[in-house]
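Each of the two complexes below includes chain A, the first together with chain B, the second together with chain C.
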Partner chain A sequence: MTKSRKQKQKKQDFLRKKLKVGKPKERASNATNTSFVSKTISIRNQHLDHDPHDLTKRLTLLKHHNTNVRKETLITFQKSIPSIINSRVMTPLLTQSIPLICDESQQVRQGLIDLIDEIGSHDAEILKLHCNIFVLYINMAMTHIFSQIQADSTKFLSHLLKYCSNEVVRKSWVKLLNGVFGVLGWGQVGKNEGASVVQTKKRNAKYINIHLNALYMLVEYGCQDERARGVDSDTAVSFEDSSDLRNPYLIPDCPQPFEHLKLFTRELKVKDPAANGTNATLLSLATQDIETRRAAFSEQFLPVVLKQIEIIIKEGGECGKTANNLKKLLAKVFD
Partner chain B sequence: MSEEFIAASTLAKNLEFAKGNEFHTILTTLRSPLYIDEHLLKSELSFLVTKILKLIRSSNDFDLWKGCHTSVVVCAYNPLILSTHGGQLLAAIYSRLEQKTGFYSSVVSSSHGKQLFDTLVSSMAVIIDLVKSKPTLSREALVPKLKAIIPTLITLSQYEPELTLPVLKKILKRNTTTFKPFVNKFRIVLTNLIKSDYASLGSKTQRLVCENFAYLHLLKIQASNANDDESQAHHKVYPDANWRTGLLSILSQFKPIIQLCEEILDFEQDNELQKLVKALPVDIESNNEVEFLPKLKLDFNAPLTLWEIPQRLSLLVDMLVAFISLPTPFPIRVPLGSINSVCEVLLSVSQKYLPLKKELRRDNELNGSINYILPQIQFQGIRLWENVVSKYGKCGLSLFEGILSSIELFIPLKKKSNNEIDFNVVGSLKYEFFTVFRLVNMIMSHLGHQLNTVSVVSQLIDVALFLSRDRTLVDSLFKSRKGNLKQTKTKQSKKNKNNEGALSDIFTHPELFVFKNSIDWSNEINEFFITSLNNWILPSTPHIQILKYSITQSLRLKEEFGYIPESFVSLLRCEVLHPGNERVSILPIAISLLKNANDDLFELLCHPKVPVGMVYQLHKPLDLGEQEEQEEEEEDMGERGNSVTGSYSHAIVDTKAFKALDNLENVVIPEPERTVSGPVDDAAVFKKRLVEEVSERETTSMNKKVKIVEEATLETSEGTTVETIVAQTKVEVKSAEESEGEEDEEFEIPAIELSGDEDEDGEGDE
Partner chain C sequence: MGRRSRAAMLPTNIILLQNLVKRDPESYQEEFLQQYAHYESLRDIFMLNGLTGGDSAAATNGLVVGNGSSTMAGSNGTTISTSTSQLIELVGFVSQVCSCFPRETANFPSELKQLLLEHHKSLPFELKEKILSCLTMLRNKNVITAEELIQSLFPLLVAYSSHGNSLGANSHAKELRKIIYTNLISLLRSCNTSGKNQKLNKSTQAVCFNLLDKPDSQGVWATKLTRELWRRGIWDDSRTVEIMTQAALHQDVKIAISGVMFFLDADREREENFEEKSDDEDGFDLDALKHKMQVNKKSGRRGKKLENAIKTVKKKQKNGPGTPQGYLNFSAIHLLRDPQGFAEKLFKEHLSGKTKNKFDLEQKISLMHLLSRLIGTHKLIVLGIYTFFLRYLTPKQRDVTRIMSASAQACHDLIPPEVINVMVRKIADEFVSDGVANEVAAAGLNTIREICSRAPLAIDEILLQDLVEYKGSKAKGVNMAAKSLIALYRDVAPEMLKKRDRGKNAAMEVQGARREGKDSRRPQFGVENNVQGIAGIELLAKWKKENGDEDEDEDAEANWEVDAGGQDGEVDGEWVTMDSDKEYGVNMEDSDEEKDKADEKEIDSDLELSGDDEDKEEKKKQEIMDMDPEAAFREIASTRILTPADFAKLQELRNEDSVAKIMGVHKQDRREELVDSNTLTGPIRYKQSREERLQKVLEGREGRDKFGSRRGKRDNVRSTTNREKERRKNYVMSIHKRSVRTKQKMSLRDKQVVLRAHISKQKKKGY
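Moving on, here comes the complex of A and B:
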């Protein structure tokens, strides 16, 4: 019996539709489209409530690839130091600008020196807080392969010593002495003198002068106590700082007073101390007191210094003068 | 007291059959003082004693044992029985002891033989002790029997030195004359013990043997012969002649052994040492008492025989120590100088400054033996010194510096280096270094800060810190692990499995294979550190290491035991009080460690208080000069700490405390001051003087000037004026002086009172 139209229509409902090759499956007639589209607008350089004086945003500019930008940022910070000296931005500023010691551009390094001077003239305590990082990067600079960076490293050292001599000298005496010797070409890596200096085409007398100056300051602050330095006893600042009247039972005025005890650091075990000989023992010395510093200097470094500055004095010039001053100082301290 | 108590006769009856707890109860009851009753003496107590004697005389060992113990208890707690029957009991016990000693080997072979001997000897010793000091009793009971007791004990001491030697020592010391006939026999026994069995005896027994040997010399030599000249007769015979000969004969034995050491080390390199060796004491007399010691047989081909050198030296040192440290009834002359030189020579026997002899074969065994014995030889010197210093204290004061410099020879240095300490060797000499530190502590406590040789102290500090660390035994395994890995591949797999299972713990839990230090060691080391910190300012490296050591160890011990041991507390106190070169003392760290310890010292440092009585001792502030000084002081030291000393005029006082005092002054003093300003005439005189003083002092005062601003309150008839003292700088004074000149005539200056205004001004200045 032939099926009626109605029956055929009913059957059609239950027939499976054939899939066609190359075409997707047909949508059901009662299917609802639940897809949606979302869009965002991002405006990178535009912030709401932009404060033109907000300097935290500028910190990232210190790592900009353009030298000028870095330089400008440093100058901006330097100008705003008086206002931000007591604010929270100082710490990130210092932690992010100190690595610029190893920056490739001379102008950036100079800008950093100016910044350090500015900070130091306002508040030296902040620099004291970051001595560790300073010394780390200065050391990095002293052993850098770029000769310019190496040559500039002692400038940083002398400026740092101006403000936080006490801290620096106590913590990293031997390390810094080794570094300065290396930069001057007097150091010994193995048995090769001058191996740590990146050979420049001409040993610039100007740089040697700066290095000698840094060495002079190191010896002056490290091996002489305040009295011998002839600090003026009338000024109130020195009076407070002089160690005679310091009371060890008061709340300490220096940051991290128990750091040198190394209670919370794990000291790496020197595997074979015999191999390195005296160097290992030197590095493990605690140079907190002046006697140890003087002893370490006079045993290890003094002979080399005396020998080398004689040569430089003979050459004469600016370097000769500085070398002469150094010689006088050494005679005064170690006799 | 008429309490009810068990009759002694009942107890005695039960004694025979008592065992275990019952026996204990009987003995405890017998201790009661109720039995000390004369009425009981004839009846009950004598019955008791008869029973005890019966027990002692029985052939049953258990009864004998009971009898001994009962007699001891009864004699000790009941003087009546001791006085009347003590001798009897003693005789009974002694006879049984003699019997048993005769059959020593058979007695000892039984299970309780040793115990029996122990009981017999000890009970006899106790009764002898009880009887000794009482004159009548000892005369009647003890002395006649001693002649029999002593030989028995001597015979027994061959087999049981531990038991008998203490008793013999006491008898020898007290009843020397009674002992006289038996001295030779005893000497033979002792020399046998020393010759053959010395090493097998315990350390206590060794000491007893040496002490008894020394006491043999208590007997005085007979009076001089008739052949002596009359010219010699005036020489006093010292009572310690015999003692001294013994001492010297032992001393003279050191030299030959040191000369043996010359075979190993080349003494010729050091002239001083050779001189010293030649000067060592030698016994001239032919009958050397100590010659019974056999000669040492050393053979370089059998290097282990070399170890006999330190053993012989140790024996000699023991005997010498007995001679110099035992109490004697007469004064003895001790040759401290010779002993010192012997010790010095012993300590110089080291490879630091003397090379090995060239003829020696250099094989491992020989070198190893030599490396072992040399520090041991040195150690004997240190031991001898330790005994001398502990016994003679300050008598040897002149020797102490020499001792310290010789100790430096003991610290092993690495070869081919000047100053590096060889810590591996140090680790193996830990016990010896313990003695070294004890010696150094004793010396330093006498010398204090007068000491000049500080170099040895810094080396010793390094050694002390190294030895105070826990010793791990497994480090070497980790170092050489790479080599081992290669080897294991070639081994058979089965062996591997057996080995690996045992070794895994070493790699997973290396912290369990660690030697920890005893608290005695820490106490000794801490004392050493305390003395060093007290007397010298150390350079920063050892100082910081000591600080770190004390803090970490205190914390560790606090966590482990819940408290910090006393020596560490003293060390922390000392570190706080003597910060040395540090900028900041470790006071906050120490306080937090000792939180609940209620330490007086730290409480005082944290909460300093002005003594209350000081307020009333203040001078009345009429004296301007003093006041100016005080104010100068106050401003100069405004930032100083709070240490308060005795007298007010020299006190460094906190500004706050000062102001508090001011306020107190204002409260206390005004009333008396009113009497001063009472009559107007006096006040007038007062005025002038004060004005003069003021102007005088103002011209002479240095930094600060005091301006007196007077305000007169004319209201009150008494004329009390309130004055304020303002501290000013020089610049403002001139204007003040001018104005003052005008004001003087108009206003009064009775008393100068510190008022509240000063507080504001003072604060304004700062």
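Moving on, here comes the complex of A and C:
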């Protein structure tokens, strides 16, 4: 009677257990379960050095959910471009900021354009290095389902063309033309225009003007040789000739000169390229020289452009003026 | 042409656009093309960035290692980047609507397949999942064929089931396997719902064969798939079984065992599967059968046993030849193409070869069971197995009863008796002696009985007579086992028993045979007796004899009529026009009456049988005993034409017979019967542990609301009464009270007075 149950239990732990076959050892009453269930063990990184001026820490802010943060980060980077232009930060900065072409906020996109301008004014070579990703994202923006992003995509294109026109037109001539046509609503396959394009066209002609400008620049850089463009012709030609003829085995002046051969790119195989029509064959075509570009343009795009330009010229206004310029350019190039 | 006013509906998200495109593909072609281009550019970006390990891959390349690790941790986390989720969304969209634009999206399915097959290691799980579901959807929309889908599913299944394939921590291999597996099953099921799609089945089976050809453990998927499809009745041909034979002979333990378990369990699984699906009409007159069985002797246990037996018979019948079949209802073992070769290989490679040690005991027992079942069912001859069993037949062996049941099943009458004799002798030596526990001896005797019931010549006379001596054992299990052995040999070969064990009938039979100089009925090796003619006809003959000859001729006509009445429900209209309504009705009544009379007679005769005149019964029984199926067939088939009523009766008798067989009355052809290892030891009752006893007590207390304790279950809320308080008061406190103390000091006289007064008071109260 005197001993409580707890005391008895305590005593039990010190009693000698009778062994029995097939009976496992009983657990002590005060045994603690130390097992744990976890798929991964995460160990925090040791941050030994905390550099407040380390800009790499700010790179992740480019993906921040708050619009203002993204915009301000872009502005910070833009301000510090002169100091970091030759550092290692540039590559991650560009790879992380280029996806902002498809950002939903207009301010962020504007900030990105400013940043690109800043970089281009300091060192255009850096932009040329990342030309590929640029074109991919611009293309994506051109087909984006939000019409605002679509409308802004040509701005990026024209700014990019300013700095690395040669690379852009060489690598993705047909692709970009397709994109610009899509933005302008000049459908090639169907007879109908895209619904979103119809709406924006009604609403404001400002965007059309920008698109037409971009197209003008594209055609100018793509189809017109440098002499006609008014570049210092003598030096350019002599330089090109000399480099082509005299030093074919020296280091080329542009990065990845053999990229168009697609030796090291991952790509999905196309089962039957002929089945998809001329556009697909053109897309796979390498447009390295002016002649091919011209041929592709005149074959695929010229009739549509001429037809559409007439309509815009008739409507007049700012757009009409730009369209007229474009018409003149086309007449000059394809006479 | 597209609609004019569609510009009013501006799609701002993919889902809305999908809805619009599906409704009116022509008008929204431009939008679709735009989104398709969007998908293409996203895919290109993904190919450039995503495959090298998240969006920050380029960042890590350019940065110092320390920073790289921190960004890596970010990219490997569970959150998927926005571009991936966009791609997922677009892939879903395109595959939803691509049947509207077959020309533009001709390349889309193959792109998905390539992404999945070639880059599956670097794709995030969500995207893989989406692509899988999209491919299934494309199959449902008939954009790609089932074969194409299977060709892309199988390699993935294989890739994600290997362990050493350097799959990352976030590969979600298990989930993917599950998704792929369920997709495969549902695909094959849907392709086989309306008629079997033989082409697809064959190609899939070919893939399974190829998987099993490889030496690694990938083939386990083939077996898993096959088993599942077998269970659902989708695959039921011999090719399927051939896959499993190949699996069972595989070098890999896991595959081999899954193949073996297929043969052991798959048919039961399938039956259960179909049982759940359909519970329909009972084929025979349940009540009549029950009545008959209970007339013989009444006992609750017997009744329960009967009911169980009926259930199993019903189950057997349902899948038997009588039921309509949607599928081939052969068991896997029956569909084997080369049972002898299979059994020999199985024994040689898995049980007796150099590699025999790779299986543990449990698996070895499964192998033994399969082998013995093969041998028993097809009457194969694998002589090595009997000496193989010798090693395991000792009482100390773990799971020895299961091995014993396997050894019993492996016997049949075409095996040379001297081969089995060794085994029987070993069992007798090891198990049946005075020094062992009761259940051990019982198990030994029961096993020997099972062996002998399959191969009666396996035991020699002296050993049998020795074993039979255990009938006097005090242990019930041993006693019963020995008696069952006697009963068996009374039936099979009474000459082998001692004279006093033969029993009356067998002894008389033997004597009669000796007197007439006939050769005995003793079985001989190599002489088989098969049932020919109509199965169960001897039962009918027996029944005819038992029920006397008197009602044979009279109701012959009635028998035709009865069944005609039963059958012509469908053709009733035609019969009515024959203008023989009146007669027809009279006939019906007559036959009914006669049937009733017949029933009465039947019962009478039964009573008579159980009654006093035993001589008659003896004679009849002996006649019945004599009758073998061939003679019965000759007798009945030559003397009379079997009526539909006869066939009905025959069916009923066969039911009864099979019930009786299950109840342990007859033991005739038992090739495919399994020996239940649990019953070999006979009934054993171990002492219950404290927990078990307590559980039983508590079980008995359940639901005794009226008589159970009412502690803690007061009906209305109240405080405790004074009397209750008084009762509960501490003893030590109350003994010091004066009223209690004075009681002790009371004189004897006073005590007596008080007691008397108390008694009279109680009596007045009525206690």
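Rule of thumb we're sticking to: the second predicted complex is superposed on the first by the 247 of 335 C-alpha atoms of A that agree within 3 Å, B and C clash if a C-alpha of one lies under 4 Å from a C-alpha of the other, contacts with A are read in each partner's own complex, and residues count from 1 in each chain.
Basically, a residue touches a chain if its C-beta (ideal position, glycine included) is under 8 Å from a C-beta of that chain, and two chains touch if they have at least 3 such contacts.
These numbers were taken from a predicted model, which means no experiment stands behind them.
*Asks:* Touching A:I41 in the superposition: chain B (first), chain C (second), both, neither?
*Replies:* In the superposition, A:I41 contacts neither chain B nor chain C.
*Asks:* Looking at the overlay, what does A:T292 touch: chain B (first), chain C (second), both, or neither?
*Replies:* first
*Asks:* So, does A:A28 touch the first partner chain B, the second partner chain C, both, or neither?
*Replies:* In the superposition, A:A28 contacts neither chain B nor chain C.
*Asks:* Classify the contacts of A:L59 with the two partner chains as first (chain B alone), second (chain C alone), both, or neither.
*Replies:* Second partner only.
*Asks:* For A:F258 in the superposed arrangement: first (chain B), second (chain C), both or neither?
*Replies:* In the superposed model, A:F258 contacts chain B only, not chain C.
*Asks:* When both complexes are superposed, which of chain B and chain C contacts more residues belonging to chain A?
*Replies:* C
*Asks:* Contact-wise, after the overlay, does A:T143 reach chain B, chain C, both or neither (first, second, both, neither)?
*Replies:* Only chain C is touched by A:T143; chain B is not.
*Asks:* On chain A, which stretch or stretches are contacted by chain B in one complex as well as by chain C in the other?
*Replies:* none
*Asks:* Which part of chain C faces chain A closely enough to touch in the complex?
*Replies:* Touch list, chain C to chain A: 2, 6-7, 9-14, 17, 27-31, 33-35, 37-38, 41-45, 47-49, 51, 55-56, 58-59, 61-63, 67, 69-71, 73-74, 83, 104, 106-107, 110-111, 114-115, 119, 169.
*Asks:* Quick check: in the complex, which residue numbers of chain A touch chain B?
*Replies:* Touching chain B: residues 240, 243, 245-250, 252, 254, 257-258, 260-263, 274, 281, 284-292, 295 of chain A.
*Asks:* Could you list, by residue number, the parts of chain B that touch chain A in their complex?
*Replies:* 414, 420, 539-541, 543-545, 547-548, 551-552, 579-587, 589, 605, 639-641
*Asks:* Tell me, which parts of chain A touch chain C in their complex?
*Replies:* 39-40, 42, 45, 56, 59-60, 88-89, 91-92, 95-96, 99, 132-133, 136-137, 139-140, 142-147, 178-179, 182, 187, 189-190, 192-196, 198-199, 266-272, 275-276
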